[in-house]
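Two complexes, one shared chain (subunit A), two partners (subunit B, subunit C).
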Partner chain A sequence: MLEITDIHAAYGRVNALYGVSLSARAGEITCLLGRNGAGKTTVMRAIMGLLPITGGTITLDGTPLHNLRADCIPKQRIGYVPQGRRLFAELSVAENIEVGLMACGEGHDTRDWVLSLFPRLRERLKQRAETLSGGEQQMLATARALCLRPKLLLLDEPTEGLQPSMIAQIRDVVLRMRAEGLAVLLVEQRMQAILSMADHAVFIENGRTIDTLRGDALRANPETLTKHLGV
Partner chain B sequence: MDRALALHLGVIAALGLAYFVLPAYHAGNLARIMVLAIYAMGFNLAFGYTGLLSLGHALFFGAGMYGLALSMQHFGAPTLPALLIALVASALVAAVVGALALRTKGVAFMIVTLMFAQAGYLTALYFSAWTRGEEGFVLPQALRRFAGFDLSSAAGRYFAALLLFALTLLLIGAIVRAPFGRALIAIRENEPRATMLGYDVQRLKWFAIIVSGTISGLAGATYALLFGYAGASFAAVPYSILPLLYVLLGGAGTTLGPLVGTAFMIYLFDLSSSLTDAYMLIAGVVLVLLTMFLPQGMLGTLRKRALPWLP
Partner chain C sequence: MDFGPHLMLAILEGAVTAAILALTAMGLSVVFGVMRVVNVAHGEFYMLGAVIAWFVATTLGAHPALGFVAALILAPLLVGGLAAVADMLILQRIGYDPERTIVATIGMLYIIQQGTLMTFGPDARPVAPPFNSRIPLPWLEWAEGKLSFYYPWGLSITSYKLFVIAAAALILIALWLFMTRTRAGLVMRATQQDSAMAQAFGIPVGRVYALVFGLGAALAAMGAVLVVPIQQAHYLMGHDPLLLSFIVVIIGGLGSLPGTVIAAVLIGVSDGVISVFFSPTLAKITATLAVAMVLVFRPQGLLGKKAH
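== the complex of A and B ==
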């Protein structure tokens, strides 16, 4: 599925990634872990073509992504839920979903599927996105990414700042996506979520991959998280 | 029929009835308001819906105005072909300006569009043998006819303005509810996010400028046709600022805001100038107060506070 090999990237003249490598496979959740400023979001932006890489390769099922324009990358069936949700605030819930559907030419079937994952959104279709609660906004951001019918889903701290009931709902959807065969690349800070969901964990520090572990190895030695994340 | 379409049809019907109710002076004002509201609606598509703050829309207005007036005056083109020439001219100018100006963003985009408009204004002055520069020229009454109707008469002018206003309003209403319009709003709200969803943002913005410029050109052509005059002053900088004021006052990103803003501005100048010579001072104070207390414009504020369905 997704293969990232030794990528380098910079914000202007400031280097941000010095050699990140990771894989994300279908039907598995790969957690991308690291302290604040380690480069997790930068990796996500590089995958989505929002930050050009200066070295290395990014491929999806063998297709190079790093040569594509940013607007062509979602059409490879990659859904991205950025940190901070970034909704179209003045559009209603229905319109936000519609914009997601139109981007890849998806129709009513996908709309119904997405709303079945988030029944709460169905109750708020006419409500403006900016008036939703934080948890509902996260649901909408995730729903909009799923409108692309992705085979790879990128989630950047989807449970940040949410109450426990909302976290549980988001978690259930992520697990369901894994069960449906999607590859999920998840940036997460909460230890409990990492330990319960990760099939693989990739640790990065100062823009480099420093360790890769299987989920069961991580659960057997949870102190690894403490060591790498300092939590 | 949904509420938005019903409201649009209701406004069109009310404007139709207004001709029979209002005194001739106000009916004449309203005809002018409707034509300038078409201009503001075109501007609103770029600014209010797509988030592109152009300061060069007078160029498109002027392209439409000269496209119609020069083809009628110098080549004897009948009304309909002249109108088509005006639309093609403004669409072409918008396509070229859009392709170049959209390489920039933000303040740079404003400056580039302003410079294009200034270049258009100077071009109109340079070819004064054809355009008669600032002085402009009058279209003969005999030319201003369509399908047997005299467009220089009060009724002909009013209902031609209403027809074109109604078509533009319904077109804009359809565009902003169509996938194209939703994509434009998505770009305005969050351009990087629209890109992340897979939208070709540059191309969509270019299309928006072309449609916006063509509608502005239609307004310019209509102005020349109905009021019988074309002059370089309509392509000058103040005519790029006016639609911005109309749209900001009425409500950016609302379909009827441009009409409300245009009517308000024209009557504000009209009424304040009948009170004092210092009417610009009164108008200025009113505009400052409105901007302070209704920052989203009249209809924008109404939509936010009371009528969320307002188109």
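== the complex of A and C ==
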């Protein structure tokens, strides 16, 4: 599915990634882990083409993504839930969903499907995204990404700042997507979520991949998380 | 003429100015709102619209209404197309960097202005209005214990000026419907909110920017086609609309379309009233003073959002 091999990237003259490699497979959740500033969000942005890479390769099912324009990448069926949600704040819930549907030409069936995953959004369709609660905004960000009917879902700290009931709801949807065969690349800080969901864990530090573990190995030695993340 | 009828006349003249200004400033506002580009060449797109209107009307040479309708269709299309090409060839290549776009649009200003001077010459060119009958306006007076209408001498407006007000209102309503009810409008608004996220959802931001830059210039050209039967087309006519458009956009709030309309009405009508009762120079001084006050007391403009 997703193969990232030795990518390098920079913000202007400041290098951010010095050699990140990872893979994410269909029907699995791959957790991308690291301390603040390690480069997790940068990896996500590089996959989406929002930050051009200066070396290495990114492929999805053998198709190179790093040669594509940023607006062509979501058409490869990659859904992106960025850190901080980044909703179109002044657009309504319905309009945010419509933007998601436009990317891959999805229609009413997909709209009904995402609204069935997050029924609360159906009650808020005419409401501006900026007026939603934090949890509802996260639901909308996830729903918008699922509108692409993605085969790869990128989730950047989806539970950040949410109350436990909302976290459980987002977690249920992520697990359901895994069961439906999506590849999920998840950036997460909460140890409990990592240990309960990860099929694979990739640790990065200072813009480099430093370790890769299977989920069961991680669950057998949870102190690995403490070692790498300092939590 | 009494004060009341005189004031009504001034307000109507101001409404014509406001209508043209709303269209022109809306183009500037749309471009800034979506692209964050300060388009210093905007006045030249307005001038180009007027010159093309003259060229089309003169070339067709038939009934003025035919030439006018052809100009109203062709001038915005040609000017909008030119602006879209300029966006792709110049602004996209400099990455919409704020400082460089200002310098680049100053360059475009001079290229368009001097190109027009070289091809169309320095003369002011009149365009015949499609219709221009004089409509006397009634006024109310209290006489013999009841209100009655009468027609004061000199209180009149031309049918064409009323048409300008109505046409501008219709174009603005059409623009609002386009922005709020169509997929292209949704794409523009999404790009305006967050261009990086728009790309992450498959929106070709480069093409959207070219379309928006073209749309902004086309709106200026529409304003010019409407005004050219009242003012003559001339290669230097873009300066005042540019200045007034900036005044309107700053007062209304950068990127706020409703704010732009409200500010255009305020500036246009005050321009009309002050010009009639005092002098056009005082009207410009007042508008500039209004901008200064807005920048001091409400920098985000009437309906703009505070920068975080």
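Rule of thumb we're sticking to: the second predicted complex is superposed on the first by the 231 of 231 C-alpha atoms of A that agree within 3 Å, B and C clash if a C-alpha of one lies under 4 Å from a C-alpha of the other, contacts with A are read in each partner's own complex, and residues count from 1 in each chain.
Everything that follows uses one rule, which is that a contact is a pair of C-beta atoms (placed from the backbone, for glycine too) under 8 Å apart; a residue touches a chain by one contact, two chains touch by 3 or more.
These numbers were taken from a predicted model, which means no experiment stands behind them.
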Fit or clash between subunit C and subunit B when superposed on subunit A:
clash
Contacts for A:Arg144 in the overlay, against subunit B (first) and subunit C (second): which applies, first, second, both or neither?
both
So, does A:Pro82 touch the first partner subunit B, the second partner subunit C, both, or neither?
both
First (subunit B), second (subunit C), both or neither: which does A:Arg128 touch?
first
Thinking of the overlay built on chain A, is A:Glu160 touched by subunit B (first), by subunit C (second), by both, or by neither?
neither
Contacts of subunit A common to subunit B and subunit C in the A-superposed view 48, 50, 70-75, 80, 82, 86, 88-91, 95, 98-100, 102-104, 144, 148
Which residues of subunit C touch subunit A once you look at their complex with the stated criterion?
183, 186-187, 189-190, 193-194, 196-205
Touch list for subunit A against partner subunit B, complex
48, 50, 70-75, 80, 82, 86-91, 95, 98-100, 102-104, 128, 144, 148
Enumerate the contact residues on subunit A facing subunit C in the complex.
48-50, 69-75, 80, 82, 86, 88-91, 95, 98-100, 102-104, 144, 148
Complex contact set, residues of subunit B against subunit A
179, 182-183, 185-186, 189-190, 192-201, 253, 308
